[in-house]
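Look at the two complexes coming up: chain A is in both, with chain B in one and chain C in the other.
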Partner chain A sequence: MNAVLRSITDHDAAPLAVHKLTHGYEDGLVLAGIDLTLLQGSVLGLIGRNGAGKSTLIRAMVGLLKPDSGEARLFGEPALKLSDSVKARLAYVPQQPEALAWLTAQQMFDYVGRFYPSWDASFAKTKLREWGILPNKVLGKLSPGERQRVDLIRALASQPSLLILDEPAAALDPVARRDLLREIALRAGEAGTTVLFSTHIVSDLERVASDIAFLHEGKLLQCAVDETKERFARLWLPASMTAAAPSNTLGKTRHADGSLSLVIERRADGSWPEAARLPGARVDALGLEDLFVEIAG
Partner chain B sequence: MNAQAMLLAPWRATHVQLRWLSLAVLTLCALGAIALLLFAKRGEPAWMMVGAYDVGLIYLWAFFLSGMSLLAIEARWLCLPGMYRTAVLATVFYAVLSLLPTAIIAVVHGTDQMSMLLGSLLCVLGGLCFALVPRYIAVFLGIFPALVNTMSRLYNFPLIGDTRFVAWGSTLAMALLVVCVLRWRAVTAKPAQGQMGFSGPMVLQYRRGHWAGGSAINSLDATTQVRQRPDWMQPQPDLRHVGPNQPDNTLRVALGGWYLPRTLRGHLQGLAPGLLAMLVPGSILFLTFLGNHAISFHAWWPLATLLIGWITMFGSMGLMFTTLTLIQQRWKKNNAELPLLALLPGLGDVHTAKQRTLIVALRRPLMLQMGALIALLALTLPSHPSTISVLMLVTGQLSCALALVAGVIRVIGGRPLSTSGTFALMIAISLLIGSNSLLPNSMLGAQPWTPPMPYALTVLAVWLVVSVVLAWVGHRGWLAWKARPHAFMPNG
Partner chain C sequence: MFAIQPTSAEPIYRQIVEQLRRLIAGGQLVAGELLPSVRDVAGFHAINPMTVSRAYGMAETEGLLERLRGKGMAVAATTRSTATQAQRMALLEPQLQDLARHARELELPGDAVLRRLGRLLEE
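Right, the complex of A and B next:
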């Protein structure tokens, strides 16, 4: 997988590029100047706590929400004014999809499939059978998990170049979740599909994502999954040394005995900050889940 | 046993808006009883008071006190036997308490005590029965009094005042009591989630706020509707003329509801429940009228005019509210049809898709409303009614169309009317259409009745004010629609 995240440089060519995206609701700012570029074939896992703004960010990315400032571009076009050719290359599955409750799964595929030039009807039919969904049952009468699977099939059958999934595994059982992850990995690896998905399940990220983006307090922290363990660590400082703790850290927890835990990041030259060399200081490796808890907890 | 918990059970089992509405209905019934006492020239005062009170009792038991069965369902499924007992005892206690005012009036009155008490008891049990029986039966209970009235004429059934009423009414009360007990046991034996379908009890529908007034607009949900309908009542869509070359039909499928293109079988299936529901009251009306007038054109034509006039006028208004509710619902969810449509290739550029969406959302309801207006005029104009009467009818129908346009454009433009605004609009238009409702029938005959000029001018002036407000609302919606990046942005 050619999975690279980088700052905005040539976003016109990128499947997805977000520039200085800011959006807020009545109770405060949710997205504070987000920058992100997703390159062809990358699989980005978007992670954050409930209410962090993951769905808001995704909706702004696909043009379902007009941000307060900044913009999102898909294949070089503004997300709010997509042409048919870009729409044909894009598939999006919202959280807990509820579209077209009055149609059956078969009717929905028949309806939607007419609009996509490379619609794979046999894939849709096979997947429905594999995932045990009755094609003639009205969508409104399916369980939330079944409905999510139908919408995932709908998105995958259109053979998109860019697949955006908002918590796709939330209502799925472990078997269906693993099937979905396998399908995502297959699409990205063989067809070069670019994938962005949000999740709470860190193991899903580790399984398929090439890159990870933490959304916390309106900001996005992004890195390659493989680099995470190397790049971040937990620094423990005894109570006597806390005055020397670096100020610019990702997460900070003070313990009852006065000691301090901090999430630190390697500097550009690959070394840890000076505080790691203080007497009594200890640097612990961080797993992805630990890192998420340390930053967002 | 906690007496306070028992006394408070109805309050705890019902929504706050429903409590206020129930208080308003009871107050209206009390005022009605007083008005009847003061102004009625004929009839027994005691019977009039009991009659007005009985109307309030039916409402109270159908919509308010029946809420205790909801408490019983939850108590049963949360394994709280004490709370279940409280709900049962509170139901019995309030049933007895409901008969107390009637008993006092009957004692003071001195005669007909049993008939009076029996009448009130039938109202209590009838109201509770309405709330507990399956919905497909409950819809017909509303016409039960008319049915009894008709049957009494045709088959000499005893009504109140008849010496045989006590025996007949006691039998009916026993039957209703048995139905109530059996249905209570059946309803509380299953969890609420499993009874939301068409065969579920009416009382479970109250939870969604339909009867609480203001939240009605927000309570309609496509998935819930689909889940509540049996399979044979699901719409049969016609997808033959859908695709990138037929954007209008494509949009109609995505809007669903009555926009959905259907097969012939689908149309018949869609109409069947409505026609069946109308068959029973229609038959009753037919039998009643037949008994009074036999078959004569002069007798039937005014009735037909009245019915068609009402259907067109109230139908036009209902169509406007139904359409607004549906469009509001579609533009509220950000996980339903809008994301699909927003990213569906083949609907044209942003501007074209916006225009087509607005046209599709408005064309069918507007055409139906115009059809209703033409039918109304065709029905009444041959009688050469006065200009002011025709003006009132036309203004009413056109204002409904204006409300539809303004409401829809606000929703699609991203500035939907607030719940209170929609409610105010509903009340204003309902009252105005109500004030026009006497016109179709009154225009008939050799010398059509002309409404008094002050009355007509007042109604027209209010219509004018409502229309100006609607035009302003619509204009703001139009500006918002023009400024919106594309048509499929959710409002929620």
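Right, the complex of A and C next:
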């Protein structure tokens, strides 16, 4: 009976759940209580400044790093103690893959392919050609970018349920990058693959991500991409009206002419705050990249 | 068939619905015409298929599109190929407001802007 109950809970478990995760290095706390849940089929773009802790968070999610406190769970299992069956459903691509350097790409695929029940060998072969990798060159002799491309192909060919990519865009030229985004988008939308990827390139995230998570000062702010775009705007107030500016807002900047700009958020009924209707006030659309700069700048 | 700007502050699903409204109101898309599948649109632009589904769903709710069994989405038969002039004018309203704002910011006299616009419309 217990076994049956457990299998039902496991089945319902989110592909990825992070609970109160905390981690620090000698020079301070990098992750200060991170909570995050990814539902099946969602695509989360993780964004943050250099050194914000994106890779640390990702390594803790896949069980390569033991956090100071809190935990990550994958399909209901603790990331630090994953069963083989969950491992086979997970694909993780680090920024700088180093394993199996003495094999060629083709040998590595032949080797790791055996561990994945739904390994797609023809996909791997095609993508190697499309992404300009010589199948018979030893991995250790590839450039870091080529190396990451091989690992991205490995990850995709394993047809994972959960795909976690650390800065995948860095290794790809614009054509291959678009190709990767297409793979991510279609797999999430059609096969229900759950994807998390970190990036610096906000427009990549805007194309495919359903959710965005800003990692800033150890905290994570998770929101849906479309709703976020609709919820925030930039308000410009002329110098004469700045006294009426709302307090506690993001990105408040006073300009040389005395005017003020700030980020405003829609109220529960969908309307903008009162200040948006002051004489001379102007409301401008705010893209995600601008919003990111306002939060992290 | 759609022009997608991922970096725009306007969400992608809204960009698609907005373009459908314009294309149908302007008669470029006629009743019964089949739309590209969700997969084709998503694959072409490398965007999330759920975004495309959401846009098509909204357009269906609005009565712009209808789902044909086994064929996909088509322009709704009830949509007249050309909406009334007032309806088509309403679709232009955001761009007109932007234009008016830019003209005011540049302190341009209204008649000069209208003259130029008149010439552009005659082209």
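Simple rule for what comes next: the second predicted complex is superposed on the first by the 234 of 297 C-alpha atoms of A that agree within 3 Å, B and C clash if a C-alpha of one lies under 4 Å from a C-alpha of the other, contacts with A are read in each partner's own complex, and residues count from 1 in each chain.
To be clear about the criterion, contacts are C-beta pairs under 8 Å (C-beta built on N, C-alpha and C of every residue); 3 or more make two chains touch, one makes a residue touch a chain.
Model, not experiment: these values are computed from the prediction.
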Overlay on chain A: chain C relative to chain B, clash or fit: fit
First (chain B), second (chain C), both or neither touched by A:65: first
Touched partner set for A:225, first chain B, second chain C, both or neither: second
Following superposition on chain A: angle at chain A, chain B versus chain C, Cα, nearest 10°: 140
First (chain B), second (chain C), both or neither touched by A:181: second
Touched partner set for A:13, first chain B, second chain C, both or neither: neither
Contacts of A:115 with chain B and chain C, given as first, second, both or neither: first
Partner chain in contact with A:191 - chain B first, chain C second, else both or neither: neither
Winner by number of chain A residues touched, once chain B and chain C are compared: B
Partner chain(s) touched by A:239 [first = chain B, second = chain C, both, neither]: neither
Minimum C-alpha spacing, chains overlaid - chain B and chain C, in Å: 27
Touching both chain B and chain C, residues of chain A: none
Residues of chain B that touch chain A when the two form their complex: 222-223, 225-227, 231, 234-235, 237, 239, 242-244, 250, 253-254, 256, 260, 333-340, 342-350, 485-486, 488-490
Of chain A, residues touching chain C in the complex: 41, 43, 178-179, 181-182, 185-186, 188-190, 202-203, 206-210, 225-226, 229-230, 233, 282, 285-289
In the complex with chain B, residue positions of chain A that touch it: 59, 62-66, 80-85, 87-88, 90-92, 94-103, 107, 110-112, 114-116, 138-141
Interface residues, chain C side, partner chain A - complex: 6-14, 38-39, 42-43, 45-51, 53, 101
